[in-house]
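The structure under discussion is supplied below as structure tokens; questions concerning it will follow.
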Amino acid sequence: MPIDPSSDTPTGPAADSAAERRAAEPVDVKRALGMYRVMCRIRAFEEHALELLKAGELPGVIHPSIGQEAVPAAVCASLEPGDYVTSTHRGHGHALAKGADPAAMMGELFGRASGACKGKGGSMHIADFSIGMLGANGIVAAGIPIAVGAAQGIKLKGEAAIVACFFGDGAVNRGPFLEGLNWAAVYRLPVLFVCEDNGFAAFTRGAATTAGYGAAARAESIGLRAESVDGNDVLELDATVREFAAEVRGGEGPRFIHAKTYRVTGHTSLDKADYRSVAEVALALARDPLKRLARELGEQGVEAEIFETIEAKERDAIQQAVEAARAAPWPEPESAFEDVQDQGAPR
Amino acid sequence: MPIDPSSDTPTGPAADSAAERRAAEPVDVKRALGMYRVMCRIRAFEEHALELLKAGELPGVIHPSIGQEAVPAAVCASLEPGDYVTSTHRGHGHALAKGADPAAMMGELFGRASGACKGKGGSMHIADFSIGMLGANGIVAAGIPIAVGAAQGIKLKGEAAIVACFFGDGAVNRGPFLEGLNWAAVYRLPVLFVCEDNGFAAFTRGAATTAGYGAAARAESIGLRAESVDGNDVLELDATVREFAAEVRGGEGPRFIHAKTYRVTGHTSLDKADYRSVAEVALALARDPLKRLARELGEQGVEAEIFETIEAKERDAIQQAVEAARAAPWPEPESAFEDVQDQGAPR
Amino acid sequence: MTRMSFVEAGHTALAEEMRRDPAVWVLGEDVAHGGLYGQYKGLAKEFGTQRLISTPISEATIMGAGLGAALVGTRPVIEMRMTDFALCAIDELVNQIAKVRYMFGGQARASLVVRMPHGMVRNSAAQHSQCLEAWFAHVPGLVVVAPGTPADAAGLLKAAIRSDDPVVFLEPKALWQQEGEVPEDTEPIPFGTARIAREGGETTLVTWSTALGPALQAAEEAAAEGMAVEVLDLRSIWPWDVEAVVESVRRTRRLLVVHEAVTTGGFGAEVLATVAERLAGESALRLRRLGAPRVPVPFSPRLEDAIRVDAPDVLDALRTLCAD
Amino acid sequence: MTRMSFVEAGHTALAEEMRRDPAVWVLGEDVAHGGLYGQYKGLAKEFGTQRLISTPISEATIMGAGLGAALVGTRPVIEMRMTDFALCAIDELVNQIAKVRYMFGGQARASLVVRMPHGMVRNSAAQHSQCLEAWFAHVPGLVVVAPGTPADAAGLLKAAIRSDDPVVFLEPKALWQQEGEVPEDTEPIPFGTARIAREGGETTLVTWSTALGPALQAAEEAAAEGMAVEVLDLRSIWPWDVEAVVESVRRTRRLLVVHEAVTTGGFGAEVLATVAERLAGESALRLRRLGAPRVPVPFSPRLEDAIRVDAPDVLDALRTLCAD
């Protein structure tokens, strides 16, 4: 029997309240379509990137978030332009949802001078400080202390912004998870923690190495209001994020969302992920967050054509981003020696 | 109003069960007097050491555990000779309670060749591997991963021993706390975690920097059975430790004890601890674990003389340890270059 | 002799050691699934998941638990996946593992191996490409090993597992698939013995790990230009074969040290300084280092190429050295 | 000029910077209570506990949060209590702080100071005595500063706080109470400028931080024996004043580098290697290092003395160097 991908992490009592919260209000179709658009953008970006990798056009590897798009789409729907996000190695979705330019991101994947980081970072280090995207991170859980520090800086400066901090289910077993949550709670910092539980930490199931009652229970013990939500249901996510983000913005301290989703691809673009059954993946695919939203909105009377139009437009935009990246110049070799530090010559 | 030293950390619902467990059984006087002896030994050892420091006879500083003696005394009363302990910078009590030789320990404090570590470790690094005392540690929380690893090694070798892992209330905010507890729970390792909550992390109150529901709640969220106990009541401690240690020994996985006590001295032998009121300290002194046990056993008919005899004997033994240490030779300078590593000359 | 890749050489050596000594076991992320590079493939099947433990992502505890398990008499092989991730476990390595024996007056032994694949490969950028052998060489208590061929990987891994001292074992990620001849029943290779990778009497080139390839290639091209370059592969960084290097430079009066790591504060500095001290006051010496500039590793292939030490760079450095 | 201790010099400089720039603030254990060494005494009163935050014992997050706060435009002073405890935050320092600017293509600045009191004092043994400037010098992106006098501590701390680059600021624990003349309204001291601590034309002695005292004392005794020793205090380790050192050795042909840290892989190796490279092929040089042996720091005063670099050791090394 295939493992049900959405149930191998123990669920706290809070899981139902998210569903209730969602049910308590009518669907805001415009907002929902906005989130659909973001999900399509992420999906198109990563599907293109995977193809380009296969064709040998991109250097390195990527960590695709296909199947997990609802989480960044819903979280960033409640963020203002002046808010911040910190991200992970699997960070394309976070950047795109916060508003990063796909062309600059694609340029970065190509390693070109037009890239968001001038080709110095690559997929794992995409950042766009102009929109508050404080950077993807190649070290599991390393974004957590950075997020709480950003929130502390915001508070010190008397600004109103909040920080959304994304990390995976594997990160809940690294020390900075405890340290950062405790820190945010002690200083009542404006951080919305978002655990994207995609079922896996690389080739090992998250649940196999995570004891106890899961991420949300850990957060609760540290004094954070926390909830588990269906991370493939963008509307359920949105209802909870809106409430939690408002509390964070209102100065009530940090909040924690545990979003249960599934990583339908391998860990990286190289990983065949043969440590799980086809049936298990099929079960997850049936829960695809894009299809699910389209189906549900369709039931509410939104025409199928609208989804197709959105999807096609996003695909086109990404295609253009690819072409721009392909045409962009390589960085000058000399630029490898820039942006290191002001004091002390690099050679 | 002085802060009640035993109540500034939030208490989980488990606090009462420890008291109930203690009340449920008659006092085992012989066992209690054994623990009294250990407490006297620790007290005498540290009071002597503090005097010697004041007199300029000892190098360095020490971290006294005066007022906290009930915790190691009770924990080690449930350990077998083949069991292990890991310790902290405030570790004299752990070593003595596990059975370390006071003369070797005092020799170490004096920096003599007769020391437990040949003078290389000092107060903060006392170890005695012959009795399973795997070492004090100068890094807060660093003993936790070592303890879980020792337990994993034990399991791998098919041995029956358990590991008692001591750490302070400050340690619950360091990453290894989360990592180590999760690890022990995932692999169901034979570890008894003991948080000695003495109210302070150096010059800052533990509670001021610890969010949420306290150490035991954190442990519970990670899946460990956990309880808060009165750490100045050796009988309450003993009742809970016995039960938990038996479970650990029975292969039921790790257990967690949060012992609430108070640091009546400064953080180190140099610290005047003027960040707290005299009244607060007086309140704590009134709860002194030695006096408390003597009073209670006295009420049960044990004669006062017995306590005086035990105390005097322990003081004498420590006095002899001091004299032996004083008379012991300094280590040879050349020994500074030994015990580094077999491969590669140190200079 | 069997032809095998770096991955296979390490795999074979580890499996043989695990068969020989039941106290040897492995802990690290994904090791029961074969490890990130396949270096543990199938071992869980032979030895069970008690001896190949796929751990949580808890580097500090992977390292610290390895130590604890060593203290009670087992011999852990700690898999760190990359040197970069070991930076999450430096207290455990440097304050604990390296020091327990000494601090405790000889009572404790941290007999364990920490495997840290290192260096640039496949455009992995600044947090997945570092070489830090110089750091570990600076830490009393640690042995530091950095093989550059499959045969050395096998022999040194055996020596590392049998060593009572803790060993930091640096594996060249870029060379996992590189093949070489490996003797059957490989014997442990003693630490501190350099290997003469190429004979040549005029200039001494000292190198190790990922830089061995470019060094040998450059030495060959240099030969065509009339420069006879002797290439010494240190293989172990601590202890290192001071005598072999000093003896060679005493003859050649010329030394080039080549490594992938950043030049500033790199281990090449230690080699030059030691040679300069040992041969002080004798006739003028020509000593040079070639390593990475003091910049983080960039992502773009163009930028990586700009900072990578490759054969043409080594050849240039040799030309300069010989022209002096 | 005012006579003040190392503690007071740093205290005054920090207070002045905090008055000058409201973006400057401090985070670390016990800092609101004045800090472990009294180096923050009273500052919470003047600036409030929003700008002097006594943190949990969470080194990784102290370091990482400092970075996060810098990324949104504040200028944190991160107090690590001791270099040894910073080993619990090396990922945050080396993988994050040092690299963000580069990885993100210049978008980010980690304008912050990490204060790390270092070195032996009061028999604190292996986990409370380390000197690791060589490590930080090896990490692209970091500035590394190591003052040896109160005046330099004040001027360099001001420069560190105003620096847009992240600065590792190493303070000599053993010298906290040492007094010296400090100018009123201290000006920032530019990094990379060595200070001639003593003139003398025959032998160059390069040193920094805690080793400055023994070096000067030995130089004075050497003068009585007829050796004229020029003492250069590097003050900053990266950037360091290569030109001043090379220029001096070009004159003297003799160099001794003295530091408290372990010799093997210590920054003295970088100084020797650089000088050897820069003066390669000129007439024979005499280059030597004096640092700690490759052993952890022991507790007993007798053992500490056996490994400590003190004035007689420096004098011996000078005698050997000059006798060569």
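A, B, C and D label the chains in the order they appear, each numbered from 1.
Here, a contact is a pair of C-beta atoms (placed from the backbone, for glycine too) under 8 Å apart; a residue touches a chain by one contact, two chains touch by 3 or more.
Bear in mind the structure is a predicted one, so any value in this text is a computation, not a measurement.
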| item | value |
| --- | --- |
| Between the pairs B-C and B-D, the one where more C-beta pairs touch | B-C |
| Centroid-based (C-alpha) most distant chain relative to chain D | A |
| Computed distance of Cα centres, chain D from chain C, in Å | 29 |
| Gap in Å, rounded to a whole number, between the CA centres of chain D and chain A | 41 |
| Whole-Å gap between the CA centroids of chain B and chain D | 36 |
| Interface hub residues of chain C, defined as touching at least two other chains | 55-56, 58, 60, 84, 87-88, 91, 95, 102-103, 125-127, 140-141, 238, 293-296, 298 |
| Touching two or more other chains - residue numbers and ranges from chain B | 115, 117, 119-121, 125, 137-139, 173-176, 179, 182, 186, 208-210, 340, 344-346 |
| Contact set on chain D toward chain A in their complex | 23, 25, 27, 50-51, 53, 55-56, 58, 60-61, 63-74, 76, 91-92, 95-96, 100-108, 140-143, 163-166, 191-192, 238-239 |
| List of chain A residues in touch with chain B within their complex | 173-179, 181-182, 185-186, 208-213, 217-218, 220-224 |
| Chain D-touching residues of chain B, taken from the complex the two chains share | 59-61, 108, 111-112, 115, 117, 119-122, 124-125, 137-141, 170-171, 173-175, 201-204, 208-210, 275, 330-331, 333-337, 340, 344-347 |
| Of chain C, residues touching chain A in the complex | 29-30, 32-34, 36, 54-60, 84-85, 87-88, 122-128, 263, 293-296, 298-303, 305-307 |
| Sites on chain D touched by chain C in the complex | 84, 87-88, 90-91, 94-95, 98-99, 102-103, 125-127, 132, 134-135, 137-141, 238, 261-262, 264-270, 272-274, 276-277, 280-289, 293-296, 298, 324 |
